[in-house]
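Next come two complexes, and both contain subunit A; in the first it sits with subunit B, in the second with subunit C.
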Partner chain A sequence: MDANMIISLHNVNFYYGPSRALNDISMDFPEKQVTALIGPSGCGKSTLLRLLNRMNDLIIGTRVEGKVLFEGKDIYDGHVDPVEIRRKIGMVFQKPNPFPKTIYNNIAYGPKLTGANAGDLDALVEQSLKQAVLWDEVKDVLNKSAMNLSGGQQQRLCIARALAMKPDVLLMDEPTSALDPISTAKIEELIEELKKNYTIIIVTHNMQQAARISDSTAFFYIGNLIEYNKTEKIFTNPDVKQTEDYITGRFG
Partner chain B sequence: MNESINSSMKWRYFKQTLFFGIVRLSFLIIALALGGLLLYIVINGIGVINLDFITTMPTDSMTRGGIMPAIVGTIYLTVGAILIGLPLGVASAIYLTEYAVQGRMIRIIKIGINCLAGVPSVVFGLFGLGLFVVMLKFGSSILAGSLTLGFLILPTIIGAAEEALKAVPQTFREASLALGVSKWQTIFRIVLPNALPGILTGSILGVGRAAGETAPIMFTAAAFFTAKLPESIFGEVMALPYHIYVLATAGTHIEETRPMQFGTVLVLIAVVLGIDLLAIIIRSRMRRNKRW
Partner chain C sequence: MEEKRHTSLHYEKELQEIKNSLIYLGALTEKAIQDAMKALSERNSEMANKIIKDDDDIDKLDTELEERCIRVLALRQPTAIDLRFITTAIKITGHLERIGDMAVNIAEKAIQLNQEPQLKPYIDLPRMTDLVTTMIKDSLDSFINNDLERAEKVRRMEEVIDDLNEQIFRELLTFMMEDSKSIHRALLIMQVSKNMERIADHTKGIADMVTYMITGENVRHQTREIS
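Let's look at the complex of A and B:
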């Protein structure tokens, strides 16, 4: 691969207490591309995703072995502040989770509190909402509660909220699994657009979605990285039998 | 065949009627007891209630005149107790639910707090006397009384705050932390504002207790009689529950002041309801655009 690698994993093991959820994972994520993580339920996709912005730190008793490099630096190094990492590596969750605040304040919340990009908040809010293709729908109701938006709008708001922090990487954990087909299509279009400026790593159970939107695809099975390659290759001519079985729906 | 279905349905219907009957009856008994109590107090006390009663000083060795200083004193003490108990209780609850590593130690502390809620109030009174009045030399004063009452309602407030904090969805915390907002900012900007209505609801119980208790203030704040209102937090005050106690047990005019006693009880109930109402209004204001 010719692209610059923004995140690299070297022999990463991950433990929830005594039980190991990821086995010896080594992989690189190319900058400004979309990488899809696929695999049957419980194989460790979310675990891997949350490892990349140190969200797993919040779960008591978890442990990481190996190296997770972001722009060449190990994010699990003793003097790295996880809070700083999360500002550069944003996250969108499976279920839309806007704050019970106004639309405006949902976007402005992060920049205001972290002092990042706090220059012109109004402009930042507008820009973020435009990037998330939500501006036209909400520009007249910025001071209304975000809880009144539809599920799809809420998810785009959550994307806008993450973008307002101007991250380098956007992690998405099944961002469309709670949405209807039209909202899903909108988010997929949005991802296409965003990859011009952001590195996107997305977990999905939807094979068509992975095939449509990603440049590379990684297939996991019970904590192991089975196959990782260009999406085209994975979906037309996978090297491993297990991968083929999974994407053709023979198991999983 | 049809017969047996019919009879089993009848039996079920009978059981249901019986059960609802019992539930209705229990409710009725409680409503009657509460209503009866209120009615009894109102009938006996309403006669003495007038503007003078609530706005003037007592006269003639407290057999005539008003109870204004006791009303003011109770409001001072209750507000003082909230000012002390609320921040302290909320801070403790934040530590217990958000920061402390859950384990045996925390479980023991929580059991301890629950036990504290069941300690007789006179024990708090003696504790306040020993610590605030004597050791810290606050004397019998609004400060010592508020502190004592504040500690008395602490377990109630901690319990309410813990419940309210736990009710805030975990997804809010995750959303905030994932933006790179620090933990304490997440707690102060997201968790606490969303828990506040619940904290207030639970704390209302504590307010009633603080306003109505006699034993904790008997040694720490309450005066038999003061000629004027206190000038600072180091002054003694009269208080409604203690005033009732004094009128009903001490002196030679117990029978004569009966209507005043009931009137004072009525005022005490009104003060407690008033403070509760205030809390409810504040709560509904805060809830207005917080739905999830």
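Let's look at the complex of A and C:
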């Protein structure tokens, strides 16, 4: 792999109170590629994802060991501002969670907080919605509530909202599990488009989705990274038997 | 290595049924080739006609098997070993169907040959027949049992068949040179031998797919080292 590694984990352990959810994880995420995280429920995918932009800080009693480097710098260093990290490493969740505001303000809210000037906002809203392939559907109703959008549209709005912060990395936790097949296809198409400019790390329970959209796939099992490989390799001929048993749906 | 079973028992059953059908199809083609050789060596054209007729069953089973594999692809979206299994099964059924066609070709030549006096006793052709039927059996066994070594054995046997085929050619050439009246019969026998050789090619194709299925590595179209 010649790609630049934008995020690197070195021997990372993660604890919720006394219980360890991730064991000695070392892995690199290539820039401007899609990496899929797969594995059975409870194996630590969401934990790992949240660890990458310090979302886990918001859960009390958690603890990280090891190093999480973003562009070579440890994001858990004392003087690093977690808010700044979360701006650069945006997140999209399983259930679309628009703010109960207008479509326009859903996008403009974050940039306003971080001091974008009002004149630039219109352009930023338009650009973000276009990037999320939502603009044509909502350009005439920007001042209507976001809550009136369909689930698939809401999810693209959340992606637009994340993009408006001009992140480098997008973390997505099962972003299509609540969506119908057409909306899912739209999001997948969008991901393919976005990876030209962004690094995307996505958790999914849909094996076919991981196979379709990702360049690399990491398989986790009870807090351990079992196999991390090119997606094509994982889905045609994985190196580890456990991976094969999982993706082919054999008894655990 | 004993495979773990799928969580979905229906899926498990579908894969097992594909295996069973392939074994059955393999048995049909083996019998067709043996009978084609018998039709020739025992000068039994009735048997030859039956082979030609029964080839419909082989074709039908091939179509059925292919459809079953495609259904699994569409509905189960197999990955990894399962994906390699299904793609291998599709290829194998295609090879077996072609082997059935070769048996028909041989039966047709037998009918023609049986109308003329026998040119020579058949010695090498029955040997070839035994070898290629063993190759069919071995290639399918290697598939069913994930047996790399047996697949390799099939590839080695294919070279023996090539040699035999050449030997038969040379022998028949001498017949043709000595007596021009033998040319027609000699050419027909050459075609029988050529068909046997092509059957061996198909079993090698099966063996190569099995190797791919087990290892994930494509060994087709690799040229062998000449020693």
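Descriptive notes on the structure:
Definition applied: the second predicted complex is superposed on the first by the 246 of 252 C-alpha atoms of A that agree within 3 Å, B and C clash if a C-alpha of one lies under 4 Å from a C-alpha of the other, contacts with A are read in each partner's own complex, and residues count from 1 in each chain.
Heads up, the rule we're going with is that a residue touches a chain if its C-beta (ideal position, glycine included) is under 8 Å from a C-beta of that chain, and two chains touch if they have at least 3 such contacts.
Please read these numbers as outputs of a predicted model, since none were measured by experiment.
Residue contacts after overlaying the shared chain place A:G249 against subunit C, while subunit B stays out of touching range.
Applying the stated contact rule after C-alpha superposition, one finds that A:M55 touches subunit B and leaves subunit C untouched. Residue contacts after overlaying the shared chain place A:A211 against subunit C, while subunit B stays out of touching range. With both structures placed on the common chain, the touch criterion links A:F235 to subunit C but leaves subunit B unconnected.
Between subunit B and subunit C, more residues of subunit A are touched by B. Of all residues in subunit C, only 3-8, 11, 77-84, 215-216 touch subunit A in the complex they form. Taken together, the subunit A residues at the contact with subunit B in this complex read 53, 55, 58, 60, 83-88, 90-91, 93, 95, 97-102, 109-110, 113-114, 116, 145, 147, 158, 161-162, 165. Partner subunit C is touched in their complex by these residues of subunit A: 207-208, 211, 234-238, 243-245, 247-251. Residues 101-102, 169, 171-172, 174-182, 185, 189-190, 194, 289-292 of subunit B are the ones that touch subunit A when the two sit in their complex.
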